[in-house]
Amino acid sequence: MSTATAAAAEAKPEVITFTEAFSRALHDAMEMDPTVITLGEDIGDEEGGGIFKVTKGLSTKFGTDRVKTTPISEQAIVGAAIGASLAGMRPIAEIMLMNFITVPMDQIVNHAAKLRFMSGGQTHVPITIRTRTGAGAGTGGQHSDMLEAWFAHVSGMKVVVPSTPADAYGLLLGCIFDNDPCLFIEDQLTRTQTGPVPVKGEIIKLGKAHVAREGKDVSVIGYGRPVRDAMVLAEKLAAEGISVEVVDLRTVSPLDTETVLKSVAKTGRAVVIHEAPKSFGCGAEIAARIQEALYSELKAPVLRVASRDVTVPFSRVLEAEYLYKASSIEAAIRKTLEKRAAR
Amino acid sequence: MSTATAAAAEAKPEVITFTEAFSRALHDAMEMDPTVITLGEDIGDEEGGGIFKVTKGLSTKFGTDRVKTTPISEQAIVGAAIGASLAGMRPIAEIMLMNFITVPMDQIVNHAAKLRFMSGGQTHVPITIRTRTGAGAGTGGQHSDMLEAWFAHVSGMKVVVPSTPADAYGLLLGCIFDNDPCLFIEDQLTRTQTGPVPVKGEIIKLGKAHVAREGKDVSVIGYGRPVRDAMVLAEKLAAEGISVEVVDLRTVSPLDTETVLKSVAKTGRAVVIHEAPKSFGCGAEIAARIQEALYSELKAPVLRVASRDVTVPFSRVLEAEYLYKASSIEAAIRKTLEKRAAR
Amino acid sequence: MNKSFTPATLLEIYRKARLINLIDERFRGLLRSGRLAAVYYSPRGQEILAAAMGVHLQSTDYLVTTYRGIHDQLAKGIPLKPLFAEYYAKATGACKGKGGPMHITHPESGVMVTTGIVGSGLPIANGLGWASQLKKDGRVTLVTFGDGASNIGAFHEALNMASLWKLPVIFLCQNNLYGESSKYAKCTAVDNIAERAASYNMVGVTVNGNDPEAMWRASGEAVARARAGEGPTLIEAKTFRFMGHYFGDPGAYIPKEEYDDHMSRDPMPITRAAVLSGGAATEAELDAYDAEVNALIDEALQFAADSPFPDVSEIDIDVYGAAA
Amino acid sequence: MNKSFTPATLLEIYRKARLINLIDERFRGLLRSGRLAAVYYSPRGQEILAAAMGVHLQSTDYLVTTYRGIHDQLAKGIPLKPLFAEYYAKATGACKGKGGPMHITHPESGVMVTTGIVGSGLPIANGLGWASQLKKDGRVTLVTFGDGASNIGAFHEALNMASLWKLPVIFLCQNNLYGESSKYAKCTAVDNIAERAASYNMVGVTVNGNDPEAMWRASGEAVARARAGEGPTLIEAKTFRFMGHYFGDPGAYIPKEEYDDHMSRDPMPITRAAVLSGGAATEAELDAYDAEVNALIDEALQFAADSPFPDVSEIDIDVYGAAA
């Protein structure tokens, strides 16, 4: 390759981690738009740039007026983001871990999500709430929950979960520049995993699911970490001649039903996956919509693979038992392919 | 009838309202067990016995130590209930309206629901959180939400919604004397409606659904207010020869899947109903379980009838449009009965 | 701020307060007669404090208030037609009939948020103040709330943050001695709520909110402090709630002597008398003002009554905006 | 309470503190060497305050603490085996390995709740106190938390309620000057957290938590007040966090001078010297005590290491209880 491209390749690594992707999106957004501001616990450089360093460099580069380290006051954090957004800013509020989002629920649900509607469209709340979570780190019952189903059930909110670093970058920009309150969930388990580098400034619009891999036998539909498992499985099963289509929702809510139904209409089989506990989780809505719309097309019941309906245990033995398993996804895929008596 | 029974009949009215049922359950529970205590905003007699008078008479009868009017501090209210329960009491915390339950979410989800598991069973949290809500009163976006789906998604919690005054009485006792944290939801729209008088002290155990009406053509499955509409519809449709089975869940979570599946296995058709907005609501879980377990038995897709995915509007015209409609339940029932190509 | 309190200022305050007072009376009449059907939280008794604060504010300043906010909204300058039409749940209402009395919003007059959740406005006010600080637009954010709200967590988090960040926010606690049917002392473990400002190194003042001059001075100082970038203020305005918590609340929990005592000090007639004795206006002029206001009220009520209800298609509008 | 502070009391406090100190050192060694893999929040530097409070409590009293709670738990008298086994995620752990370090529970020693959520223990402590008040069992509830926690809403709601209800609760704020990596002054708009007690008509005292006598007196008074039914106390114990927020935190955000200054006043060696000069024990006796404690630690570690992990069937146990 030419020395020029070689230099370029050098200057720009081929892959980045999720953490780098989150961080770049924040840097680029603040550079692109002076109304982008951010606040959260320990996010400033004086505090080391955040517990996972995602916000490192922001306060130095953009100043401590636009990048504010806050007290441990989640209601005040989200409230301040809402208020600033009403005055034309695009605030990004960090809630360190998702279990702490139980504290500002009133601000998020009764205010951020409803103000546009209750004001008859006179005001709106273009905020992004960044939070992180995920089981598998051995941090136990109060530091691992995936609670996205709550917010998916609240109209006015948008819920976004990326499954690759490039998506993480584009979708976080999508949230920041979207005109409604967005909840952006970062997985703490895969944060050091890498993927192709996104194009600087390229926004991924919210509300569209992404067919991450085309297939014809069965559709695996999900978001976040489990989608990465599905991609690996799809490759493995392809060797056996099982053609798996993987639909990465990207935006969990509002749900892109059209893309989901298009895929299942084609394959006739669906396995819905997510990390959160199965019961009353987002997978139920996806399954319910599919079976209602494609009753006659379905060659098998829609199956769901998710984590157990229990508190996340501390002991690794139990935590592993709690968490959804890639092997269960594989088993579900095979199950949908079993012969069965037609109705 | 004998003068004796006549006197009895006089002494005891044939029907009571929901409000009377809630109130009686509280009085009887406190009488039955000295560890039953209660707290909440404005619940004392000095404050008039609560905004809907459900707690009227309690503080006078049982004293202001067992019946405490609190400041407007929902986190402190639920926290105090949790702490007292750890010391052997059976506290009942009132959260005036369900939208305010967004404030103590941390106490409920990270603590009440998880302490039994996280302590390895050394402690448990036998509290009851009474709250009320329901659209149709013209109180708008922050005073009408049904948020039960959030709690159904949290293991360790029990979610209970009664559909008759007698059930309200028996189920509230069931919550109070249950050994896990229970969320008991009172509908503010039907609170003056009446029904048969419950038997004093008779507890309805949680976790069992109730076949409120037997039928053979289609199963209507739900809880709370819409079940009342379904009972009326079932009567009406019976005249046309359509036999509707109504399954009243009573306990929304943990869900009594067995009773639900038994009913649908018999009828082959299901319509799931609730007041909360449809998307990512409890109906999705019920539909997902039915289609998975009864793929071959289903004669039609599982349909859901619920409210719109928007903020509850103030204007009655819009509020009526937001709310699920009995006519939609009827239409769904008829739709499941339409002939369709078998798969 | 040692501007002197002139008869003209007193008159200005009285006029604002009287506007509130006349509209409140009219609304209660309409509710009583059933011609208006809406949740309503009367500000009766709290007119003066809202007006005395209002005269210091500009339309570009921000207001965050509560369900009991009509006096704050009027003092801020919200026009009557969109306000009334919203109470009437009409398409011409400020919020197209979608928000209602508890969620009045009217950005042109600075009414940014009206919340039905106790204490939730305070954290939001900080955000408006933060934006003003960043834009250096010199705006002040006023957030009002009740005595009961001073016991909820959001109050604590918001005042601490506002002080740390020196935000241009005024926290106006309208202490009317009751939260729904609960007495102040049963719920609030401090003699004066303004004392809580010390927990945040914030300036806190307790003032008789029904005294136009005292309230005007306290408000003026807080506004000046905020505009000068010297940070927030907590003002506790002592007042009383004459008409119960919500329209229809008999208020049986208020001891008669207590009620009568406050009633005997109703700030409206007292202020009217002060205006007259101060010479800023004559009986005739004040009566003329009432007539003028009543005419505006008639016109706005007519507008509201004549306006159509929102079209059902509105149900799906304003849920999400056009994607950015 | 004017009991005099005797050399014997000092020794008792030192012994409790030293137990904490030796266990903390051992745990950090195990974590460093990878023989223990668990989230760990070192109490290094906060041993004395926990011990000086602990000597006033009985096993029947209640404790509610946080992720940084091992010093509080040990001062309360939790036995080593179930504690260590829980850190080791074993079936013999206090919580059968299901809760882990952030959720240590051991009712027999009064350790009722350990929470990983900042500020959430305070409202729960009120409930324990309310139960004691109803049962008249004379128990005291101690709830401990950090300086950062004093800025969250739950703190405010809990202190207000505790004061109104005169609950037998002690709110012990361990002000170690940092919340994770954030400095006290950047997050807390008051010079001394104990000043916030005034917002609740509560007794508030700021004390040097690293001074055994001062901490012992403040604790004794608070415990006596609670037992006498005279209500809650807010104690702010000034201290310092020597080992960063969590194990592995380099603490780069702490200026060296600041760190060294505190290190130079490490309360453990100072207290040891005071014990010796006070004559309550000899070098030999203190060394013998260390040996004794180390033997107990060895034994408990062996127990934890030898214990089995929980059986996977445990996953579905303790989710719900047997229906009442």
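A few points about this structure:
Should a chain be cited, it is by its letter among A, B, C and D, assigned in written order, with residues numbered from 1 in that chain.
Operating definition for what follows: a contact is a pair of C-beta atoms (placed from the backbone, for glycine too) under 8 Å apart; a residue touches a chain by one contact, two chains touch by 3 or more.
None of the values given here were measured: they were computed from a predicted structure.
The chain with its CA mean position farthest from that of chain A is C.
Comparing chain pairs B-C and A-C by the number of C-beta pairs in contact, the larger count belongs to A-C.
Centre-to-centre separation of chain A and chain D, using mean CA positions: 37 Å.
Here the spacing of chain A and chain C, counted between their Cα centres, is 41 Å.
Here the spacing of chain C and chain D, counted between their Cα centres, is 46 Å. Within chain C, the positions touching two or more other chains are listed as 95, 97-100, 103, 115-117, 151-154, 157, 160, 164, 186-188, 319. Annotation for chain A: residues 70-71, 73-75, 99-100, 103, 106, 110, 117-118, 140-142, 155-156, 309-311, 313-314 touch two or more other chains. Of all residues in chain D, those touching chain B in their complex are 62, 64, 93-99, 103, 105-107, 112-113, 115-117, 120, 122-135, 141, 153-154, 157-158, 160-161, 164-165, 317-324.
Residue ranges of chain A in contact with chain B, taken from their complex: 99-100, 102-103, 105-106, 108-110, 113-114, 117-118, 140-142, 147, 149-150, 152-153, 155-156, 253, 255, 276-277, 279-285, 287-288, 291-293, 295-304, 309-311, 313-314, 340-343.
Chain B makes touch with chain C in their complex at residues 41-42, 46-48, 51, 69-75, 99-100, 103, 138-143, 308-311, 313-318, 321-322.
Those residues of chain B that touch chain D in the shared complex are 37, 65-66, 68, 70-71, 73-76, 78-89, 91, 106-107, 110-111, 115-124, 126, 155-156, 158, 177-180, 205-207, 254.
Those residues of chain C that touch chain D in the complex are listed here as 151-157, 159-160, 163-164, 186-191, 195-196, 198-202.
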